[in-house]
Structures are given as C-alpha cells and as structure tokens.
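As written, the chain order gives the labels A, B, C and D, with residue 1 at the start of each chain.
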Amino acid sequence: MATLELDSITKTFQDGDEEIVAVDDVSLSIDDGEFLVVVGPSGCGKSTTLRMVAGLETITAGTLSIDDRVVNHVKSQNRDIAMVFQSYALYPHMSVRQNMSFGLEESTDLPDDEINRMVGETGEMLGISPLLDRKPSDLSGGQQQRVALGRAIVRDPEVFLMDEPLSNLDAKLRAEMRTELQRLQNDLGVTTVYVTHDQTEAMTMGDRIAILDGGELQQVATPLECYHEPSNRFVASFLGEPSMNFFDVTLEGDRLVGDVFEYPIDEGIRSDLGDATDLVLGIRPEAVQLVDAAGDHEFETTVDVVEPMGDENTVYLHFDPDVEPENASTLVATIDGFNRVSEDDTVIARIPPDAIHLFDRSTGEALHNRSMENAADQIDL
Amino acid sequence: MLDFYRRLHRTIRSSSGDDDEVRADGGVVSDGSAADPPAEPDRDLTARLKASLDRRFGSDFMESSVFWLPPFLLMGLFVYGAVIWNLLISLTDYQRFENAPDYSNLDFEMYTRALADSGFIDAAVNTLVLLIAFTAGTLAVGLVLAILIDRGIRFENSFRTIYLLPMSLSFVVTAQFWLWIYNYNNGIANNLIGTFGLGPVSWLGNQDIVLYAVIFALMWQFSGYAMVVYLAGLRAIPTEHYEAAQVDGASALKMYWRVIIPQLKGATISAAVVLMVFGMKAFDFLYSLSGGYRPPNGADILATKMVREAYANLNWAYGSAIAIVLFGMALSVIGPYLVYEYRRDNL
Amino acid sequence: MSDTEPRTDGGTTTRTTRLRRTLDRMTVEDVGLYVVLALAAAFYLVPIESGLVTSFKTGTAIIETAPFAPPGPSGLTFEKWRTAIDVLLRGMGNSLLYAVPATVISAFVGSITAYGLTIPTWNKSYKALVLMLIIAGIFIPYQAVLVPLTQFWSQWAQLDQVLSFVWALGIDEDYVGIIELVITHVAYGIPICTLLFRTYYKTMSDEMIESARLDGATLRRVYRRIVLPLSGPMFAVVLIYQFTQIWNDLLFTLVIVSTESSPAAPVVLILAGLGSSLEGQDFALRMAGAFFAALPTLAVYIFFGEEFAEGVAA
Amino acid sequence: MSRDNSASSEDRLTRRHYVAGAGTLATVGIAGCSGGGDGGDGSDGSDGSDGSDGSSGEPVEALHGWTGGDGAAAAEALEEAFNEAHPDVDLQMSPIGGGGNQNLDAVVANRLQSDDPPGSFAGWPGPNLLRYQGVLGSVDDVWDENGFEDAMVQEAVDLHKQNGSYRAVPLGSHRLNCLFYNVSVVEDAGIDVDSLNSPSALIDAFETVGSETDAIPMTHGMSGTWTTTQLWGAVMLGENGYQPYMDFLAGDGDEEAVRAAFERTAEMLENHISDDASSIGLTESNQNIINGDAAFIHQGNWAAGAFRNAEDFEYEDDWGFKTFPGAEGMYTLHFDSFLYPSDNPTPEASKTWEAFVGSPEAQVAFNQYKGSIPTRTDVSMEEFGPYLQETAEDFAEAEYRPPNLQHGLGVPSETMTTLNDVISSEFTGPYNVDAATTGFLDAVSN
C-alpha cells in the first residue's frame, strides 16, 4: 500500500512545429488505500495523466513519487503498479490462468506452485475459478473484464491504475461491476487511481474525485463537496444530470438583475461577492420548487416540456410566454413524480436563496456556494 | 515511455464512431531529455551510457537494438555494399579485366553516355511501362477475382489454390508455355482469337505489342497473389458496409466502386509493393523466353540491357551505371509511398 | 449476394438432397459466377497442364499433337521423367540443404527485425530512417549484385579456408557454396521479410504490449511469450513466399556454385543446362525436369495455400 | 582448392586495392572475414608467365558449356580420354549450362573479376580473345613442345595468338557455310542442289519450292537474332566472295557489297521463311527439316548432329549437305578451344590439359560425338561418319578459310553485340536494308 504524490506534473506534445500542452501543472496527493477517481470530458488529459503515473508516458515537467520515492525515470515494470486497460488487453493465445500468472512470472521469482495458489485465490475472490483454463476469446465481456481485474489484483501491487475499465460493458453489468469494484478495493485497501468520463461512476465510487478540463485540474474533493460546492462553473456544469441552470446576472445594489428576472440577495451572500459585478447565477434543477404565490424569489413561468423519469419528472420552464420556446431562457426543474404538471401550464417556480451558487462570469470561479446544512443528501444523478 | 502518438493515431484513425473519446492532445512525442537527470549519481559507466543513449534515441533503443541492428548491418553489407560498389564503378570507365578501375577521375561520363544511347532510353521506357502496367493490371485482375470469390461460393479453397499455383513455378517452365501459347501458327492465343474471326497476331514478332504480351504473361503468373491480398482486404471490411450500401439502393457495381474499393487502399499498397518486386524479376522471364540476354525487339528492359553491357560487352562501368538508374527508377516509383506513409506517422 | 445455404435442422439430410436444394436455388447470376470462375481456373491451369502433358510425350508425339493435347497411347513415355529424375535427384537434396535453412532463418530474422522496429518505442525519425533504408533495399536489382557478391565470397569471406577443419572431416569442399548461399539469401531476404512482418505487427494491439511491459516483461520476454506465438499466420506467408523465391533463384546459385557437376549443385543449376544443347532442345526432358524441380514449391502451395491466404488476411 | 593468391603482376596489386577500398567503403565488414588473402609466395613474372609453385595435387578445373545432347557426350568422352592419358593428373570438368554459353561467359567473367580464375575454360579464339586481354597466360611452350604449329592449319595458328604469344589450344571446328536440305522435298520440287552456286540461284530454288510444294522454302528460327546475323554472314560471303567479306570484317567493308548482301537476305526472309519464325528457335527449325515441312536450312554443321540423332533420317537418303551457294571451295571457320588464364591456380596441370586438348586422341574422342571435326590435319577420320569425313576433306583442301561472323572469330564480342543490336532493331521485320547496312558498317568501323 502506498501514497502517490503528483507535484505540478506537466505533459507537452510536439505536433509538427507547435507545442500542445496535454496536462498542465497538475498536483495531486493520494493517501494510502484511497480510491481516487479522475474524471473529465474527452480529451481533458485524464488518460495521459494516468499513463504518466504508469510510466507509459514520459513526464515533461514535475515530479511523480510513490511512497516518497521519485519515480519519474523508473521504468514502469519497476514501479510495482498494475493497470487495467479499457480493452482489457488480455493475451489471446494464453489461458486465463496463464494470463493471470504472466505478471508474477515476469516480475517476481516466486515458484510456480506459489503463483498457482495466488491465482487460484484471486480467481475464487472474483468468481472466475471455472474459467481459469479457458481462452479469453471464449469469455463474455463481463468475464473478460473480471480476468483483467484478476490479473492486476494477483500481482498485489502498490497502486492500481484503471483506464475506463467498464466503458465496454452494457449498462446493467456496469452497475454490478461498479459496486463489486468498490467492495474489492475496500477489502484489498490498495491505493487506486480510476479514470472515467462517466460522472455516475465518479460520484458513486471515489473516496475523492479529481475533475480535469483542458489539461488543468479543476477541483479535488469528495463527491459531495464537488457536487454541492463546485469550485468553478465547469465543475458545476459537469456534475449532475440534468445539469445546473445558469443565468447571466449583474449585481445592482442588493439585487441580481438578469434579462428575465431580478433576484434580491441578502447581506451574507452580498459579502461573498467582493467587488465582482458580472456574475452567473446557478441553481440545481432539484433545488427548484413549484409554489403557489409569486414573490421576491418566485417567478411566473410556463411549462414547455415535461419528461417523466418514473420516480421524478424533469420540467422545462420558460419565463416569458410571448417569446418562442427555442430562444427563451429556460429553467430546468426536477419535481417528484406525483406532482401533476402538463405542458403550457403557468406555474410559479421558487429559487430558494440558500440553494443558489454564484460564479464570476469572466473567470468562472465560484464566489458563493449554497449552504450545506439543509442540503438534501441525495445526489440527483 | 510508450509510443503515445502511435496509440493516439490509432484511436483517431480507427472508426471514431463508437470510440466517443477522441484525444485532442495529439502530436508527436519526441522523448526529449527535458526531464532532470536520474537521482543516483554513482551508477556505473555502462548504465549511464545506456541511459544517455536511451534518452537520446528513446527509452527502448538499447534494448531493442539487439533485435534489429545485426540484421540491419548484414543487409547493409550485402545490399548497400553492392549499391555503393556499383555507384563507384559507374563513375569510373572500367572495362574488361585487364586493369583495375582507376578511381582517380570520377566522372558521370557513363550516365551521359546512357542518356545519349537510344537503346537505353527505349529500355528505360519499357521498364517503366512494364512496372506500372504490370502492377496495375495484376491488381485489377486480382481484385475482380477476389470480388467473385468473396461472394461465398463453394469450392472456394480449390479455386484459390488454383489461382495461386502459377506463382510456384520457375520462369524456365512458364517461359516455355508462353512461347507455345504465342506461337504464330498453332499457338493457343491465335487459335482463341481465330474463333472470333480475328486474324493471327505475331505476338512476339511485332515490336509494338511484344511488351504487352510479356506483361500479360507475368500478370497470369502473379495475379493469384493480388487476388489473395484483396480477398483478405474484402473480408476485413465489416458486412454492415455491404448491407448499408445495398439498402441505400446502390447497384452491385456502384457498391463496390463507391464503398468497398476505397477501403482497400491499404491492401492495394501492400500488394503493389510486392508486385513491383515481381516486376523487377521480369529479367528471368525474358532470359528464359529468348534463351539469352537479348529479349525480342521491343521488349528490352533495363535489366537485360545492363547484363548485356556487363557480361556480353564487359563494360562494367556502363553496366553499373544502368543498374544504378534501374535502382533509382524503382525507388522513384516506391519513394512517394514511403514519404506518404512517413507523413501519416504510419512508418 | 447469393445467400449461402441455410442451416437445415438435423444434419441427417443426405448429400443428394442437399445438392438438389442448392441446385434449384442457383439463380442465373450464380451460374454466371461459376462459369466465369471455371474459365479463370482454366486460364490458370491450361499452361501448367500443357507443360505436364508435354513431359510425357515422345519426340514424335510432341510434333504430331498440339502442345496442350494429351499424348496418344503411342506417344506416351515415362523415359523423359526417368532421365530427369536421375539427373536432378542429387540437385534436389542440395537445394533442400540450402533452401530450407535459408527460408527458416530469413523468416525468423525478418520477424525479429520487424519486432525491433515496431513494438518497442524509440525515436520516431531514426526508426523511420532505418525502415526506409530496409524497404528501399527490396528493389536492388539482383543482376547488379553478382560481381561484388563473388568478390565478397572469394576475397573477403573466404569461408573455404575458415572452415578447412570441416573439409578435413571428408565433407566435400564445394559445400561451402551451400553455406554461402544460405547467408546470401538471408541477407537479401531481410528487406521483404521485415516489411511483411512489419505490416503484421503494426496491427497488434498496443495495450496488450503495454500491459505485458507493465507486468515486468523485458523486450526479449515480450517477443518470446507474446509476439512470437501470435505471429504464426505471418510466418506461414513469409515461409511460403521465401521458399519459392529461394528455391527458384538461378542467379546467386550460378555465381556461387556455378557448375552443375559440383556435388553441391542445386537443382536449378542442373535444370538450366538440362535438355538444351547446340543442336536443339529436348522440350519433353526440359518440361519433365522443370516439373520435377517444381514439385516442392507446388506441394508447398497446394498444402499450405490455406495458411498463405489466412496469413495474408491476418 | 587452396587459393594461390600470389600478387603476381603490378595491375593485379591495384585491383586488390580497389577491392579493399570498395569493401570497406561499403559498410562495416563482418568481423570474421579476413581482408583479402595475403599474397602467396608466387614469383613476380610478366603477365604471361605462370606462377612457379602451383601445388600439383590440385585438380585442373576446366569450365565448359556442353551440358546436353551431343556436347555432353563429347565432353564425357574427352574426360575419359584424358584420364586414360594422364592418370596422375586429376581433371575436374565443370559444365555450366543454359543460355548457349552465356551462363558460362558470365561465370568466367565473375571469377576473373574476383582473382579466382579457373585452370582453363572453353571459348572462341580470334578477336574474341580481346575480351580476356591481359588475363590470359601464354601456352607458347605447349605449342612448341607438341609441334602444334605444323599440325594445325595456318588460320588456327594465327587465331590462337594474342600480343605475340599463344593463349589457347583448339579442340574442334564446326563448319559455318553450310546449307542442309530435305532430300524428298527437294526432289518433289525438282531442284538440282549442286547447281546452286549463288544466292540468287538459291532464291530461285526457294521460289520453285514455294510453287511446287507446300513446304517452307527455308526454315529459319528468329526467336533469337543470332540466326539472322549468321545467315547474313553466309550470304555476304556467297554474294561477294572472300575478299569483300574479309575487308568488311577488317572494318573497311564496301557499302555496295554489304547492301547487296542485305537485299538478298531481306528477299529470303520476306517471302521464303515460315510466318511463325519469330516464335521458334533452332530446335523447331531443325525439326521442320526432319519432318519434311521445310526444304532448306542454313545452319552450322551442329544441325547435322540433330539430324543424326533423329530416328531413320540418314545422310544422303533423307537429308543432304551443300556448301552455302557462292561459298564453294571455302570453309567458314569456327573453333571450340580451351583458353589458359594467367595467374593460373594449377599451372602444371593446366598445361598438361592444354597439351592434351591439342592431341590427336583428344580431338578424335571429342569431335566424333560433338559433330565437329578435329583441327589437326594429320588425324585419321575413320571413326567419323561419311558426312564429317567429307567436311574434313573440304577443311583440308579449302582454298579460303574465312572466320565466321557470329561465333567470335570474325569480330570482337562487343562489335558482335552491336551487330545483333542492329539486326534486332532494323532487321527482324520489317527488314530495313539501308538502316541495317549503315548500322553494320558503323559497327565494324569504330
């Protein structure tokens, strides 16, 4: 078990004459036994970062250390790490048992029977014992994924690295594997870095999550903190489905003036804003409530579309009825399934002041986050 | 430190439909030595040398050189040793055996002599025509056969083996066949076209068509190889492409022309390279056909002219000059392919 | 697309019913297809058939019957094959002696060279340079190589003196030619073998190699335990291609062994002079000799044609 | 066979430099190979003299091109005769087949290029020796000791000399000015062959054959160009006689004579040969005579070998011979000889071999199978067939013995290649007389 320290790691590529910065000054420290999920949109540099940790990519700048040992120049095989690849990367001509024992045979000088014992145990643990003597091509996607996992586990490495291991599975199997992976990681307690572009996996699996965009680290925090206290507008928009509503507002006196509504704010929020005036107001759809009477924080809206999701409905609301739907600014709200609302109704939508977030419009940096005390613990995914 | 852009290139090139994540941070990793020197200063000399070499040429250089360096040197000694020897001799005026070639005045006299020699020009043109027409024709025949066989017929294996058989025969055998087939009076070729009422043709006697008759014979021998390569290429294209084209209402011909053949570019290029090698072997065929270094008039190629100059006339320098031109011509045809592949990071 | 025969329920339908079912489903288009394929097969077989047929004809039969017509009962003789066989038999032994090792070694060398240039990562532009030199090496015209090659073997690498202890054991000194042929064919085979393996190794999954490297495998181990077992199909292609080229090659044999009377004379050398003399050529003998000499290459294509096609597909 | 790499003469040394230079220039040499055998202890004689020690145990290596048919039989007979005559010296006869001597020439050229000459090799003497200038040793002593000068015809004596000393020894000779005919076809056409003593008379005979019978007047294989060059040589001799032919060979040929010869030849090829000529060779044209499809053929007398081997096809009954019309009383010379390279690996054994080649037993043993005649005039011909006996008589009594054009005795090999180039581009149909004439005159003049 080991701690992992990334100190302002940078990676640049030379494409013809111009230089592309794939990973820009990322610093992370991962405690022993922690399960860190690295998440971000396609091309944000998360896989490159993982490959740098694995030693499959050279590190342009910054230092990487495992258990306080600088490993920038240490070859991957000497870093005592195991990696599960997106395509599983199983050796087609070897049986499952040979696949799993290959790592031990190559990097250790354990006797064969010892290796067989360990492979048997891991097979037991992953429930793939009956498959040990079959060829990867005879196995289903899920089974192949378990074998890839087994291959990493049996090596008992300092660090697990996983590069979107579930992305090739169907939805149901993916949900099962998510929980099983977490259970395994807790039992083994191996420091794990898990890369994905799927925010559900990020929110449910990680002890902490690191969100990357454009090669830059946006935020490192627990899933709840990232969800409820996003450090900037990108994080706020990235997490949560349907994603947060955003309205451009400017601060005038003690009210926020947008192009479709005005929103009075109290002194507490006012003090967080400092001297920034051009702001963006953010409100999670599940925080919007439908009420009866208009007021300071309640606005008249017409219902454009209702999407029933079973346990709850997602409602698309427009502020000004006379403007055609597509360019009117919409407010997305999630309400519980029993609330009878249909298209073209006019309803009053309340944006509770304790649930709003305010971001600086130019830097995107979060100035004020919602208060946590009465935030519902459920995360709307 | 693995070959990141090769992987990147593969993900971009592979059908990006299902792979939703396209890496934007492309570009070529040159394992620059920006990283700071290793911590332990006291490593012994070889390790330090190895590390610096690895940094200079990329991490696996030393370890991989044991694989490719010895064969590369062996090839260099034999192949490029001969090329350089020919180059040197072609710059001298070396003839017969009496005196050794003097390297004092190296000049391009042999090359100017070649350009002035009409026989050389004809041979060069014939060689180019042969290389291009033979390769194109063989690819076309191979493609048609591959398409026919790919339609899921029975006895596919036996048809495939039959089409491949000619490749296993030596030129001594095939040259004699074609002498009979092209025989003016009772040759199969003239009998065949006779049934269609066309008069007998002197295939080998007529200067204008003898080259194409030779090309046709070489196509007969090597189109089997092109067929096998294309069959593999066709089988690599997912069946959905065929069905999609059909659903779009494309006729069989259009389907192949617009959808399938463009996807065979890789197969075409790799087959073309190998077929050009066979094209270069036309010397053996012509040598067996005419029983000497002088093919029928109109089918003289650089290879036969080179051997005539070197071994019949003992003009070693002139023979070597022609050899260098022939080598250069082959490279000029294959060169663009190599540069194209290099630029696509494919090399 | 003619639909292939649907899977009948039980496998018990007799052969005739299955045949009848396919026959009635044959549309005009299918018939056309088979006719064209049969014509193409004839086009490829007639020359081979006429050669084979001629090899069984007597002198007079050759004149009376057309080249592709089989010999009449009177014209049939095996005498040409008999003379061809007893003249060429020792040549076959010698040819196998150098062709088989040369083929195997050049395939293996091609594989490790292509491996060294494809799988491990090192500077891209140097790798491209080495590859370009190797691929360009394919197009060296063999005729231009003969004189430097002779000089190399006769003056630079005088194997016959180096191996004098072998000749002392009673092995005939001419067999140095066999060793020289093996080395020459391996050297000139490297470019094409490397290119063929290179195209194959490029399709190999990078992640599998990376995971092997992560497992602590050195380049040598990765080659031996993963890349080599998986390059079976391409070995088939290279072995078949190289065997045919090396077996039928006359130029190097002419320069290195030269005379057919030498105990180490390969079959192509003896075949060159067989049945041809100043006063005329004995076609039947030449054809019989050519076919007898081509038996190994024909056999290789007939038995391994399958692997050759699949290898190219891999 | 150990290599006697004695650096004997000055030029040989410089060649070794260039080899080393080219080799090292090439690439990193393989560590194992020693850089060129160091010079043996051979004495430093003039280019002609032989090395002194030449270990006698080594066999003399005799390269030749007779791999099939009569040639092979003759070579075996020669080998047996030698072993009988010289049991102490072992001989290694090395046949190199294919391409009618071209493979042999290529191997010899390669070995001479790399300082590894054979003991002796078969080839044509005369101007053809020019190719091997500077690398042929002298066999003057062999000629003196065995009195070859008086045993051989004067032409043979002249043709085997180069730069004042003998370089080779003749073994056998074929006659080139021959016209063979199928007796029955000629009789059907009603032609009296002996009356044909000019090319124009021959052409008239062709017309009669064409009109009287449906046989091909003259069968002529044109898949190679050498048959046409050889035919032109015979017509040139027949049309213009000895002196103009010799002037042409010497380089100042008379344009009119050359043009006339081309016109005659064009007349023959345009309308008196088979239309599949371009795809048949020597074998098929001999076959046309044997199976009565053709009346006449012009060929060297090796064609007689093919007729002799054909079943029930006898001299005088089925086929006949006539000197080429217009060249009566002449014998167009051809020689098969064995050349003696300098810096010889086995000087003693090679000299014994050369001496044997010129001996009566060798010439009889070889030529009776080969279908050629001994070059000595003092050899009894009873073991030869009637036709060859006649040829030997013509050879001895011939008024002139002009050297042949196509087989090395008339012009140097480079000129011969140019002549064949001219035939190939100008005279393989359509037959362009003017271009061919100028082409030939230029070829022999420079």
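Note that a residue touches a chain if its C-beta (ideal position, glycine included) is under 8 Å from a C-beta of that chain, and two chains touch if they have at least 3 such contacts.
From a predicted model like this one, the values you see are computed outputs, not experimental measurements.
Engineer: Over the chains that touch one another, what is the least number of steps taking chain B to chain C?
Structural biologist: Shortest path length, in steps: 1.
Engineer: Identify the chain pair with more contacting C-beta pairs: A-C or C-D.
Structural biologist: Result of the comparison of A-C and C-D: C-D.
Engineer: Farthest chain from chain A, going by the mean of C-alpha atoms per chain?
Structural biologist: Result for max centroid distance from chain A is chain D.
Engineer: For chain A versus chain C, what separation do you get between their C-alpha means, in angstrom?
Structural biologist: Each chain reduced to its C-alpha mean, chain A and chain C end up 57 Å apart.
Engineer: So what's the Cα centroid distance for chain A and chain D, whole Å?
Structural biologist: 91
Engineer: How many angstrom between the C-alpha centroids of chain D and chain C?
Structural biologist: A distance of 38 Å separates the two centres.
Engineer: If you average the CA atoms of chain A and of chain B, how far apart do the two points sit, in angstrom?
Structural biologist: 51
Engineer: Please output the residue numbers of chain B that touch at least 2 other chains, ranges allowed.
Structural biologist: 1-2, 5, 28, 30-31, 59, 74, 76-77, 80-82, 85, 186, 291, 307, 310, 316
Engineer: Taking each residue of chain A in turn, which ones touch at least two of the other chains?
Structural biologist: Those would be 55-56.
Engineer: Where in chain C do residues touch at least two different other chains?
Structural biologist: 147-148, 152, 207, 210, 213, 250, 272, 276, 283
Engineer: Can you list the residues on chain C that touch chain A in the complex?
Structural biologist: 205, 207-208, 210-217, 221, 225-226, 229-230
Engineer: Note which residues of chain B are touching chain C in the complex, please.
Structural biologist: These residues of chain B touch chain C: 1-3, 5-7, 10, 28, 30-31, 54, 56-61, 63-69, 71-72, 74-83, 85-86, 145, 148-149, 151-154, 157, 159-174, 176-178, 180-181, 186, 188, 220, 224, 228-229, 231-232, 235-236, 242, 246, 270, 273-274, 276-277, 280, 283-284, 291, 302-303, 306-307, 310, 316, 319-320, 323-324, 326-327, 330-331, 334, 338, 342, 345-347.
Engineer: What does chain C use to touch chain B in their complex?
Structural biologist: It comes out as residues 1-2, 4, 22, 33-34, 36-37, 40-41, 43-48, 50-51, 66-68, 109-110, 112-113, 115-117, 119-124, 126-128, 130-141, 143-145, 147-149, 152, 184, 186-188, 190-192, 194-195, 199, 202, 206-207, 210, 213, 218-220, 223, 244, 248, 250-251, 268, 271-272, 276, 283, 286-287, 290-291, 293-294, 297-298, 300-302, 305-306, 308-309, 312-314.
Engineer: So in the complex, the part of chain C that touches chain D is made up of which residues?
Structural biologist: So the residues of chain C touching chain D come out as 59-60, 63, 146-148, 150-152, 154-158, 161-162, 173, 250, 254-255, 258-262, 269-270, 272-283.
Engineer: Which residues, counting only chain B, touch chain D once they are in their complex?
Structural biologist: Spelled out, the residues of chain B in touch with chain D are 73-74, 76-77, 80-82, 84-85, 88-89, 96-103, 119, 179, 182-187, 200, 202-205, 287, 289-294, 296-297, 300, 307-308, 310-316.
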